[in-house]
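Residue numbering begins at 1 within each chain, and the chains themselves are lettered A, B and C in the order written.
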Amino acid sequence: MAETRFGKAIGQALADAMRDDPDVVLFGEDVAVPGGPFGVTRGLLDAFGPERVRDTPISEATIVGAAVGAAIGGLKPVVEIMFMDFCGIAMDAIVNQAAKARFMFGGQCSVPMVLRTPHGAGVGAGPQHSQCLEAWFAHIPGLRVVCPSNAADAYGLLRTAIDHPDPVIFVENKSLYAAKGDLPENAGPIPLGRLRVAREGADVTVVAYGAAVGTALTAADALAADGVSAEVLDLRSIQPWDEAGVLASLAKTHRLVVVHEAVEAFGVGAEIAARMADVGFDELDAPIVRVGAPFMPVAFAPNVEAAYLPGAAQVAAAVRRTLE
Amino acid sequence: MARNAKGGDAASAADRDVELLELYRRMLIVRRAEERLSQMFADGEVPGFIHLSIGQEAVPVGVCAALRLEDTLASNHRGHGHALAKGLDLERFFLEVMGRAEGVCGGRGGSMHIADMGVGMLGANGIVGAGLPIAAGSALAHQVRRTGGVAVAFFGDGAMAEGTLHETLNLAALWHLPMLFVCEDNGWGEFSPTSRQFTGDLIALAGAFGIDAATVDGNDVAAVARAASKVVAAARDGCPQVLRCVTNRVHGHYEGDPQRYRDPADLETLPNHDPLRRCAAKLGADDVAKVTAEVEDRIAAAVAAARAGTEPDIARARADVYSPCEAAHG
Amino acid sequence: MTAAAQIVMPKLGLTMTEGVVVEWKAQPGQQVAEGDVLFVVETDKIANEVEAPRSGVIGEILVDIGATVPVGTVLARWRDEGSAPPPKPAAAPVPAARSPAPPPAPSAPAPQSGRHIATPLARRLAREFGVDLATVRGSGPRGRIKAADVRHASASAEPRPVEPAPVPAGAGPVEALSHVQAAVARRMTAAKQEIPHFYLATEAEVSELLALQERLRALPDCPRLTLTHWLLAATGRALAELPEFDKVWAEGGVRRLGGTDVGVAVDGERGLFAPVLRGAGRLGVAQIAGRAEPLIERARAGRPLPEDGGGGALTVSNVGRHPVTYLTPIVNPGQAAILGVGRVRDVFRPDADGKPLLKRELGLVLACDHRVLNGTDGAALLGRIVSLIEAPLRLVAPPV
């Protein structure tokens, strides 16, 4: 067991995948020589050479479109979109090409590509470099969406994503890159669609993913001091999400709070809440409460950005609402 | 290739005749298939949008004559010719366009998204310009996997203003991709002339990226085939190429488009440029008649078989949204 | 009656405003004959099997089991092939099917209309534990009933521990209750938990009454009289004479009735019913006998008419056929009092000189809802009933 930073665990997963499979190639803006804007891909060019680790021009649409063609052609491309906000330029390739190829060609091919991209505010990057847009992708049939919360999960989920026959949007919260966590020596792939119980509890289920898991755990600590036992579920993958796992926890606690950094309206939390209100109806002993960012862009000013981010106090308040 | 253009020896002239007849036969398959689709669309037998390439058959047939099975191509919305010229089975073509379960894409794609990975046809595409980066990615796969293959992007002049063309030209040049850009320049982008859409020049544009570019008479199948064999060979060596084929779109943007925006006098001249008529003029009437009868029989048989196809069911369609791994939620 | 195209929630009693379909006995597409049971309706009072008013084929069923819907709601449709549906009855607009009572507005106070604000889990537990949500106080926002409230209510209602005790050897299986039995169980649980009871016990001397009854029975046109008829007469007359006690608890206050209606508890084939004799205080005992008997007979057979139930401030429950001295009964929900009647006993009482004197006494216990009646009210009412029983001649004729 070694302590590793989140970003380094991702780099390790890329390196191990490239070592294990010559079809894995890596390309994106500044991923090769500069080693990525957050240093995640540092050293991979030296290790695997310029044919498999490539810097691209600033051409997001073509980066992703080429990944689709390469994936259909037998490679396992891992591409990076430098900030999730830039996916807007590449949406056709993601939504109309990657997501649909398998379906619209009658299952003739799959598109085994990974699109890595950082989301999240908190680093002063402003309105166009801070958004959490994962719900866009979870809404598209054909895409899988993953969002790890810690170094070990980032490693295991990325290994799975790279070997996965379907296109995977791999979302990394940029505030986590420097976070340290344990990465087991023999870390292996982690299946998609299965949540992790980050903390066991009895009174209320708090579902989160990505950096919001840490927020939820902080809130759970505060609640424990008041005698409230919160169970924190780390969703790990958003599409598919572990409906059965959430339902099992809800059946135990009968109360549900869903937390994410993305804006609350029309988000991942809305989907989870809606499903649980349906399949878990008879388990509910309180309204399902969502915690997300307010419906506004991220502001540059540090104080406004800080106020924008959903914090542990909001999560605790939401939990208390379910206990009324 | 004019029969009397060059005074080669009798044997090679005979070979060329055989080759030309084969090109004619392939063009006629595309032509008759699309004419049949036009009729079936009018009769309500083919649903949805169909975009016909009648008048442009020399381009896909000429280019694909220079391709191998392992070479790949990414097509666009006007892709019947690309699909059939690359070798997509005629029967499964009709089954697909008619939305049948036995179609090459199980009835999911239809005319605008027809693909056959088995022959390297990576898909027609409903999004203008979207096939270009896909072809670049396919070329990357050829390059990294050392397949020796070439990837071809077919696009119309209507795609010249799409950013993906410019980005892909750049990437192909930057990475020395084994890639061929084939522009079917029919003068129209949807319902507007290209002159009102694009101020640039494709040959100059390619040149700006250091990519070799050539223009060919896109209604002369032999000329296209000859040019293609040259540019495909260069592309195969890692020098991406642009081939601009000047041709004509006879039908509307899609079936049902009455083309009121076009000059009737202009439309009247189109038969003079018809690639099939021009090709047939260089062939013996008996050969043409024989090929015509054979092709018409094949089309009739394919349509009959397609009509007997079954309707796909939604459960099987849903099963192909994802690979058979974890179930997704929706 | 023309064949209606629709099957609606029937009004099964004077006070019924809504009901729950607890079971469908017929399914869409099923051919039913007139008189076949179509569905079972449960109100806060009784469970009732509703029969097909005609033969036909059931079409669509529109209301799910468990849904509470207002009277008149279309529950299902007849499928009448080849015949156009008859015009809708020109009654008040039929409430939309499928939707139970609309959800209360966010600012709504604790519900009065039968729509209980409860969490889904609380509802499920209430079903499982057989707890009537009407009897549960919600501790959540807006009085929302939560799971803990239901558990609390269930625990306080059942002396048994939540964990079932080990079944002793030879013990039989738990038998499921009929709908009527289940409704009675729920109503009685609710009544015992919700109504603050107090009890007044006394004896009435009935030698004179029994002698008078003998004489009346000998008359040619007199219907067969029983002690129950006299008790109904005495109770009704007491309410007529003391109309201030003819009242019940309703919607957080007291509702005056004044109809001198008196219920009679009947242990029938399908469970307990308490049909109500209308205007008992205005009738002579022979009239009472004539009217009460068919009422009692229907209840005994388990087929009360819708109009037989509901209303009245008081019920008479007579177990005097059995060797019981006193019955301490539970007030029926919706009423204010119940008179428990034991058997007639021969007892010696001291006369004025202290010598034993043989008396025939009836043990009476009047159970009262303390929200409606206080102790002196109950004593006055019971005293009047006793004096009427002990001077029965006044009961023979209707009051002037």
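We take it that contacts are C-beta pairs under 8 Å (C-beta built on N, C-alpha and C of every residue); 3 or more make two chains touch, one makes a residue touch a chain.
Owing to the predicted nature of the structure, the values given are computational and were not obtained by experimental measurement.
In terms of inter-chain touching, the protein chains here are arranged end to end in an open line.
The most distant chain from chain B is C, comparing centres defined as mean Cα coordinates. With centres defined as mean CA coordinates, chain C is found 61 Å away from chain A. Remark: chain B and chain C have CA centroids separated by 83 Å (rounded to whole angstrom).
Centre-to-centre spacing of chain A and chain B amounts to 40 Å, using the average Cα coordinate of each chain. Chain B makes touch with chain A in their complex at residues 72, 74, 103-109, 113, 115-118, 122-123, 125-127, 130, 132-145, 151, 163-164, 167-168, 170-171, 174-175, 317, 319-323, 325-330.
Partner chain A is touched in their complex by these residues of chain C: 119-124, 140-141, 146-148. Chain A contributes residues 23, 25, 51-52, 54, 56-57, 59, 61-75, 77, 92-93, 96-97, 100-110, 141-142, 144, 164-166, 191-193, 239-241, 243, 271, 275 to its touches with chain B in the complex. Chain A makes touch with chain C in their complex at residues 254, 281-286, 324.
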